[in-house]
Structures are given as structure tokens and as C-alpha cells.
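Each of the next two complexes has chain A plus one more chain, namely chain B in the first and chain C in the second.
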Partner chain A sequence: MAAETSPQRSFALRHRNFLLGAVAVVLFFAAWQAIFLIVPFDPLFISKPSLIAAGFVDLIESGDLIHDLAVSAVPFFVGLIAAVIIGVPLGIVMGWRVRVGYALDPLMTVFYASPLVALAPLLVIFFGVGVTGKAIIVFSLAVFPFIFNVCAGVRTTDRLLINVVRSLGGGERDLYLKVLFPSVLPYIVAGARIAVGRALIGVLVGEFFAASEGIGYAISRFGDIFAIDRMFGCILTVMAIAVVLTEGIRWAERAAFPWRTGQ
Partner chain B sequence: MPAYIQGRNVNLTFRPLNRAPVRALSNFDIDVQEGEFLSIVGPSGCGKSTFLNILLGLIKPDSGELLMHGRKISGPGTDRAMVFQEFGLLPWRTVTNNIELGLELKKLPAAQRAAIAERLVSLVGLTGFESHYPHELSGGMKQRVGLARALATNPDVLLMDEPFAALDAQTRDLMQVELLRIWREARKTVLFVTHQIDEAIYLSDRVMVMSKRPGRAKKIFAIDLPRPREYEMRVTPEFNGLKLEIWNTLKDEIAI
Partner chain C sequence: MAEIQALDVDVAAVVQADAAAPTRSLWRRIEPTALGTASIVLLLLLWQFLPYFVPMQEGTKLFFTVPSQIVGTLWQLFASGAIWAPLGVSATAFAIGLAFAIAAGLPLGILLGRSATLAAMFDPFITAFNATPRLVFLPLLMLWFGIGLWSKVAIVFLGALFPLLINTYEGVRNADKLLINVVRAFGAGELDIARLVVVPNALPFIVVGLRLAIGRAVLGVVVAEFFGAQDGLGVVMVRAASSFKVDVVFAGLIVFAALSLAMTGLVKLLEERMSRWRPQHVNAN
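And now, the complex of A and B:
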């Protein structure tokens, strides 16, 4: 009944979570803009939303932003896809074959905990300034969330389902394909949410060290020439992309696993 | 003529890491005739489910002989299928795809699988729910799928490990009636593990009472009640007489 008498309110209620988040973002930028009215910051070192917006429009119109994003997208996706292709099977095997798990776990933890970003210059020296070097940086950051999540997922797999497939004559291969892989799908998605953020960092770091184009290169170049407004324009674009990708994965998760809606 | 399933001196001890070993079965003997419905009742932890898992081929006994059709049981095989207490349905598969699981593992072509699944869906009374996922089904419906999946590979022996224990009392009564109907149509040898004496008598040709752990066969009761069995049979003096007899055999084994 309430829905018929006050449709506007029901819209607000239906999108309450989204609206609350959006209001917070708007307030944040409003406060950022407002603080310049009170405190006289040096515009050489910090920018404000109105200037950033102008710089952003500039970048769009010149086509530079789109070009840089397209360039950065290649190592980002190559590295991320490689992380899925290597990380998921490795995580499943580590979770399922207990001895493999015990053998590799310390090594993986060491790599995960180490500041791989610090190795970026070395990777660039080994693999060059092209796509390969950056894709490898992205891969080395993004692969661990897949490995660890999937490995944990395998260990929570219902033993009963393993017994069901075995009792119906299923072999090791059937266990991987018909039980383990489908049961870790949600863990792959959870891993992907973390991996996307790390992969973005990987691209940016790779381009900071050695690049002549790409969004990371643009950020560091604008910083070097004190074009703070455009630098922030690029940074905010990367942030927006991170949000869109993460939310996209969350949406895909709901759409892709209809059997989980009851859980 | 030797029995269809023959167990002699089956022994099994579980040896969990950092725990005292547990003797599950001790010189366990069993004879099951072809086409028979045999129930096993016994106190909790007496090894009845363990025995079904040995028969299924998932656990190897330490010693003893277990023959089916004169051949030694050495692993899982499509001549046996289990209906599990907690259903064991793959949550990412629809009703039809769950039923087809065993056929897929046998590498049957899709058209044949679909035909068998369709027939079983109707046998277990799930027509209209073919594309539902397990989480959309009630407990009774889930176990219908579990039963259909076990029947799909056309096994000779159906092993049922407290299949109705997770269901509410009324659904359980209904499922017992349904099981007898399906058993009449499918004609399988059934080994049925339960805690409920009523259920065991109502369904079975014979009821085996097991001792407390380590489990062995304590006594076997022949249930000479006429078939087909009606629900009203449960209130006859014959039924209650058997119930009392079995209870008296069982109660000494139960410790709380």
C-alpha cells in the first residue's frame, strides 16, 4: 500500500544503500571544495574539485586519458587473466592434495607478504619496458588472492559431495571438475575482488618505473610538471575504475550463481 | 544357495591421529538375499553406517570377507548406490542434473541420460521441478532427488543410510510409503540403516539388531507381515508385538 501512495519514498528506500554511499561521496567533494574557502593552500601542491574537474574535461577532450587507459588496460587484463589461469588450478591442487599444500604454503606466504612492488624495477630490467614486464608485475600481485582464496575454498568443500561422486564411480579428474571447481567458484570471485585492486596497483607501479604512455605514466608525469589538477583527474579516474570493477564483480557474483541465492 | 551379499568376520578399527583407536566393527557377519529389504537398527555409533560405507566401497575393512554375487567388493561400483542422510545433492546442479550425475560419470550420451532422468523424475514424483536447484526444494523433495540419483545408474543394491532422519515426522511417514511403492516398481535389494524401529518393521523383510560398539549382528527378526503394507498395519497387535521384541533386544545395547 505504501508503495502506491508514496512512490518517491519507496524509490529512496529501494536504493537506500546506494544513495547513502552516493551522498557520502558528494559530501566528501563538497567539503574538499569548501575547505579552500577557509584555508589558503598552495595550489602548487594540492588541487580542489573544481580545478580537477576542469583538468579532467581537458584530458577527455584531448583524448589523452582514453589513450592512456587503453594502453594500461593491456598489461592489466593480461596479468589478471594469467593470475586466474595459474592461481585457480594451483589453489585447488594446494587445497586438495594436502602434501602439495604443506609443501607450497610457506613459499606462497613469503611471496605474498614480501614487498613485490619493490621488485618492480628488477622485473622491468628482466622483461623490458613493454607489456610483458608490466603484465608480470600485475600477475605477481594479483595471483595470490586467487591461490589463497581457492585453497581455503577447497578445504571447506563438503566431504559428503566428494563421497557422492566417488561412490558413483567418479575418479580424481571427476572430483576436480564436478565438485572442487564448482564449489570454489564463489571463492574465485571473492579473490577477484581483492586481485583487481592489487592489479591496478601493479599497472601503476610498472608505469611509474618505465613507460612512455599509460595512466600510471600520466600520473607521474603530471606530478613531475606540477599539473596537480590533471594528476588528480587521473587518480580519481583510476579510483572510479576500481569501484566499477569491484561492483561489477559483486553484481556478476549474484547473477552467475543462482544456487547461492538461498544461502 | 549362497546369499547375494555375504559378510564374514568383517573387522574395522578407526585410527584417528592423536586419538585412541576406535573399534567400529568386530567379526561382523551378514547375509542378504537378492531382492530383500533388510533394515539394520542399532545404538548410535555401533558401526551401521560404517558397514554401509564398506559395502559401498568407500572404506576398506581391516580383515574379513565381503562378497557380492560371489565377487569380492574392492571399491565403488555401479552395482551399488547410496542414499545419504544429508542428501548430498550438488547445490549448483538442478534436479535433473543431479539425477544425471552417476550417468555422466558412466559416460552415457546426453540423450540417454535425459531419458533416464525424465523417467526417474516421474517415478519419484518430482515432475515440474526438473530445473529447480536443491535450495528451492523441501527436505522430502531433496531426498526424492537423492533416491532418483541412486536409482539412475540402475544398481542391484540400494544402500540407505538413515535416509529419512533429516525429515520431519509427517514427511518421513509419507516417504516410507513412497519408498515401498518405488521399491515395488524398481525391485532392488535394499539395505536400510535407521534408528526407528517402526520404520524398520514397516519397510523390511528382515530387521537386524546390532550390538553396541564394536558392532556385530546381535539378532535378526523376520518380519512376516503381508505386503503390500498399508499405513494402518502400524497399529496392529502383530506390528506392536514385533516392535516390543526388537526394542527388548536393542535396549540393553543403548547407553546414555
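And now, the complex of A and C:
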């Protein structure tokens, strides 16, 4: 929901929007803190910012939060990297070889449309509570944005570039390496932005189900023992990570591929 | 003469069918469908006959099922009527959550679209909630709403709200300023502007948002039922998974996928209708 910025009103307006947003966030937390002066406070049900902050400091000092995040990061990155390694080449081939596209498009659409999360119980039971099961859940959710984005990227590749490489004697291999792969890079990054959100879902599902550590496990355990302040601390941490990842990728997109802004 | 006429008709028909490639043969026209179907059939066959090629241990067999068995289970679920009760529970949560999301998302989206100040103030929250998987709130929602219908409704609502809200916002922002000024010049208030210009203009965007929201809502129902529910199709699937009835898990997956595809397909039809009546001359000027 980035505001439109036309050249005449760019700097001041952007500044104004940022300030308004910051004020709103501060107001929100202040109101949250203040409302319990009027409403009775029930620590089994809700928490307030001061307690959440204290719990958060506690979680950091004891090292629990860092440990849980580190544990969750492993299947997250393993699944995501596997999704890139499988999804990007598959997407390129699907986009470039027309018949492969015809053959695989419906299949992938069916997979993409079905709530594959539903297979999570099976995967967790089959692979146990370790990294493998979660990484497979993450992979199966995160691979499709890469496939579809890269496939779309290949289809919009400049035909002129392809013809130039061909007329200079380039073979199929040269086309893949010198034209197709570089030209889908922005699409890979755009796919990654969608994929990280889905990958986070994968990690959380896996950990809610069966885990003995990890950030998803921490959230559900703190819920079970009614440690609402710590639970909020973990939830806010996940939110912060999600925002940093998606907005970071968005920023990287703008910085690395400025000609594609507005996508 | 007759021959030429026939040729004319033929060319016209082909051109109408596909303006890009007037000389396509029959195979070329059906190739995409044929290849797509073939790959799906091939995959299903491979899956069906996998047990004959690959020796499997007893333990692994517990987790394995074949398409024919899944179809049989699916048929049985429907024939015996066993699926209707849990499906009804899931559908109720889905429908209530989606209805709340529409009831909240559309007015809020219109409001934010009409007020830049409010939009800037809400932006951090919307960005944060939209980037975060809503699943992370599930344990909290279960504490607040208990195990049952309302925690599911809440998760569906959170999932479906943001696509609707953001798309409505974009649609409202996209409204023709000239039209708004005309209506305003004739003495219309904010409500009239919304009714006469903004909402009709934003409708196609809203429908796209609805399509995204349906996908998210189905996902929300499935996931919420996995963790915090006593009945519903998701619960049936989890119970089946823990008692190694893999075919039931897949049958449930197919039902969810089919419903999701059917609903998004319907909305897509609606989308096409809407883009058809959309006046193009406004943009052309």
C-alpha cells in the first residue's frame, strides 16, 4: 500500500506519510497500555505493552528466543533454498519449451490451488518432528511462486535478445545461460517475496503440530501455559521478521531492478 | 464461386477462433489441453502402479495410498453421507468469516481510499498484518474464542480481510477524479460519491480481492481445524492421518481443493463479466 509519489510532491508527502504512520503506531501502543486504566486487566486473557516488553527482554536475556528462532530458521532456509533450486529451472523450462508448459501448467495449477498444508499431518507423522518434515512442508508451499513467476518471466523475455544470440551462433545452452536466466532474475526476486510468506506458514504449521523447540512451538506453548506476555512477544517477533523479509525483498527489488518498479 | 464463399467462411471462423494464428491445424488447437490432460493422467497412472514397481517396507506402506483407493474413499464418504456433517461445520466457519471480512473490508477500504491521512495512519498495521502469516495468531485466537466455531471464524476473517481491504483501497484510489468532481459539483456528499462513482469503479478490483480472499479463507479453515477444533473436515483429516488412513487425508484434500477451485472459478467468471461492461472510453481519452 505504498503511496503514489509523483515528482512534484514526492519528498514532503513521503515524509508526512511516514510520520503519520509512526504516530499511529505509537498511539496504538499507548492506547493499548492506557485502556487498562479503565477496563479491568486480566493477565490470563490479554497483555499490555509494558508487560510484553518486560517479557521480551526476559526472553532475549535467557537466550530462549534466539534459540527458538535459530531452530526454526533451519527448515525455513532449507525448504526455501530447495524451492529456488527446483522451482527456478522448472519455471524456465516451462516458460521456454512451449510443450513442457502445456503439459505441466494444469498440473502445477492444481497443486498450487489445493491447500497442500493439508498434507502437513502426514508429513510430520512420516518424517518425525525433525528438520526434514518441516523443510518438505516449506518446500511444497514455497516452490510454486517461483515456478509461476519465473515461467511468466521467460514468456516476457525480449525476443530480440533471443534472436541476436541465435544469429551469433549461440546454442540452446547459451540461450539459457545468457538470456533466459538473467532476464528472469527480477521475477525470481518477486517470487521470493511471495514465497517467504508461504514458507513462514510452512514452518509454523510444522511446529504447531509437533515440535519440541522453534518459534511456532514457543508460541503455542506460551499459549498453553497462559504466559500471554511472552506469547505476544513471540508473535510480535514473527510479525517483525515477516515485515523485514517482505519489505526487505521489495526494497531489494527496487534497488536492483529499478526499471521494474510498479510491479 | 461456392468454393470461394466456403473459404471465406472458413477463414472468418478461424480468425475469430484465434486471431493470432489463423492457420492452426486441429492438433495445434487441442495440443495444450491434450498435453495438460496427458501429464495429469500419466502422473495418476504412475502413482497407481508405483507399488508394483517399487518394493516398499511394511512401515512405509502404512503411509501409502493409490488414486483408485482415494476415489473409492471419496465415493464412500459422499455415498454414506459421512462427509456432510464435517463439511457443513467447515463451510459455516468459512461463510461467517468471509462475510465478516467483506462487511469490514469494503467500508474500511473505501474509507482509506478516500482519505490519504487515514491511509497513511493505517498503512503500518496493514503492511504488518498482510506480511505476517495469520496462522501465528491462532494460539492467541484459541485462547480468546475457545476451541470451536469462533476461533475458526476469526482466523478466516483475518486471512480474508486484507486482500479485500487492499484491493478495495486500490480500486477506490483508481477512481476517475473527473467523475468525482462532476458528482461533487452537482452537490453530492461523500456518501453519494461512494455510491455513484467510487464503488462501481472499484467493483472489478473488489472481485479480484474476493478471489484472493476465498483462497486464503479455505486455507484458514483447514489450518484452524488442524489445531483448534473438535469437528470439521480438517479435524476428520487430522484424525485420519494419526490413524494412518492416508486415503481419507487425500480425499479431504481433494474436497477442499475442488471447493476452492470451484469458488475461485465462479468469481473469475464474475470478473470477466465485470471487465466486459467496464467502460473503456474513460481510459482511452
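Note that in this section the second predicted complex is superposed on the first by the 212 of 263 C-alpha atoms of A that agree within 3 Å, B and C clash if a C-alpha of one lies under 4 Å from a C-alpha of the other, contacts with A are read in each partner's own complex, and residues count from 1 in each chain.
We adopt the following convention: a contact is a pair of C-beta atoms (placed from the backbone, for glycine too) under 8 Å apart; a residue touches a chain by one contact, two chains touch by 3 or more.
No experiment lies behind these values; they were computed from the predicted model shown.
Novice: Tell me which partner A:Leu161 touches in the superposition: chain B (first), chain C (second), both or neither.
Specialist: Touch status of A:Leu161: first partner only.
Novice: First (chain B), second (chain C), both or neither: which does A:Ile85 touch?
Specialist: neither
Novice: Which partner does A:Lys178 reach: the first (chain B), the second (chain C), both, or neither?
Specialist: The first partner, chain B, only.
Novice: With both complexes overlaid on chain A, does A:Gly169 touch chain B (first), chain C (second), both or neither?
Specialist: first
Novice: Thinking of the overlay built on chain A, is A:Ala31 touched by chain B (first), by chain C (second), by both, or by neither?
Specialist: A:Ala31: touches no partner chain.
Novice: Identify the partner contact of A:Pro258: answer first if only chain B is touched, second if only chain C is, both if each is, neither if none is.
Specialist: first
Novice: In the complex of these two chains, what residues of chain B are touching chain A?
Specialist: Checking each residue of chain B against chain A gives 53, 56-58, 76-78, 80-82, 84, 86, 88, 90-93, 101-102, 104-106, 133-136, 149, 153.
Novice: Please name which positions on chain A make contact with chain C in the complex.
Specialist: 1, 3-4, 16-18, 20-25, 28, 45, 99, 102-107, 110, 113-122, 125-126, 197-198, 200-201, 204-205, 208-209, 216, 219-220, 222-224, 226, 228, 231-232, 235, 238-239, 242-243, 245-247
Novice: Which residues of chain C touch chain A in their complex?
Specialist: 31-32, 35-40, 43, 63, 116-117, 119-129, 131-133, 135-140, 142-144, 166, 169, 173, 215, 218-219, 222-223, 226-227, 234, 237-238, 241-242, 244, 246, 249, 252-254, 256-257, 260-261, 264
Novice: Across the complex, what residues on chain A touch chain B?
Specialist: Spelled out, the residues of chain A in touch with chain B are 158, 160-161, 163-170, 174, 178-179, 182-183, 185, 257-263.
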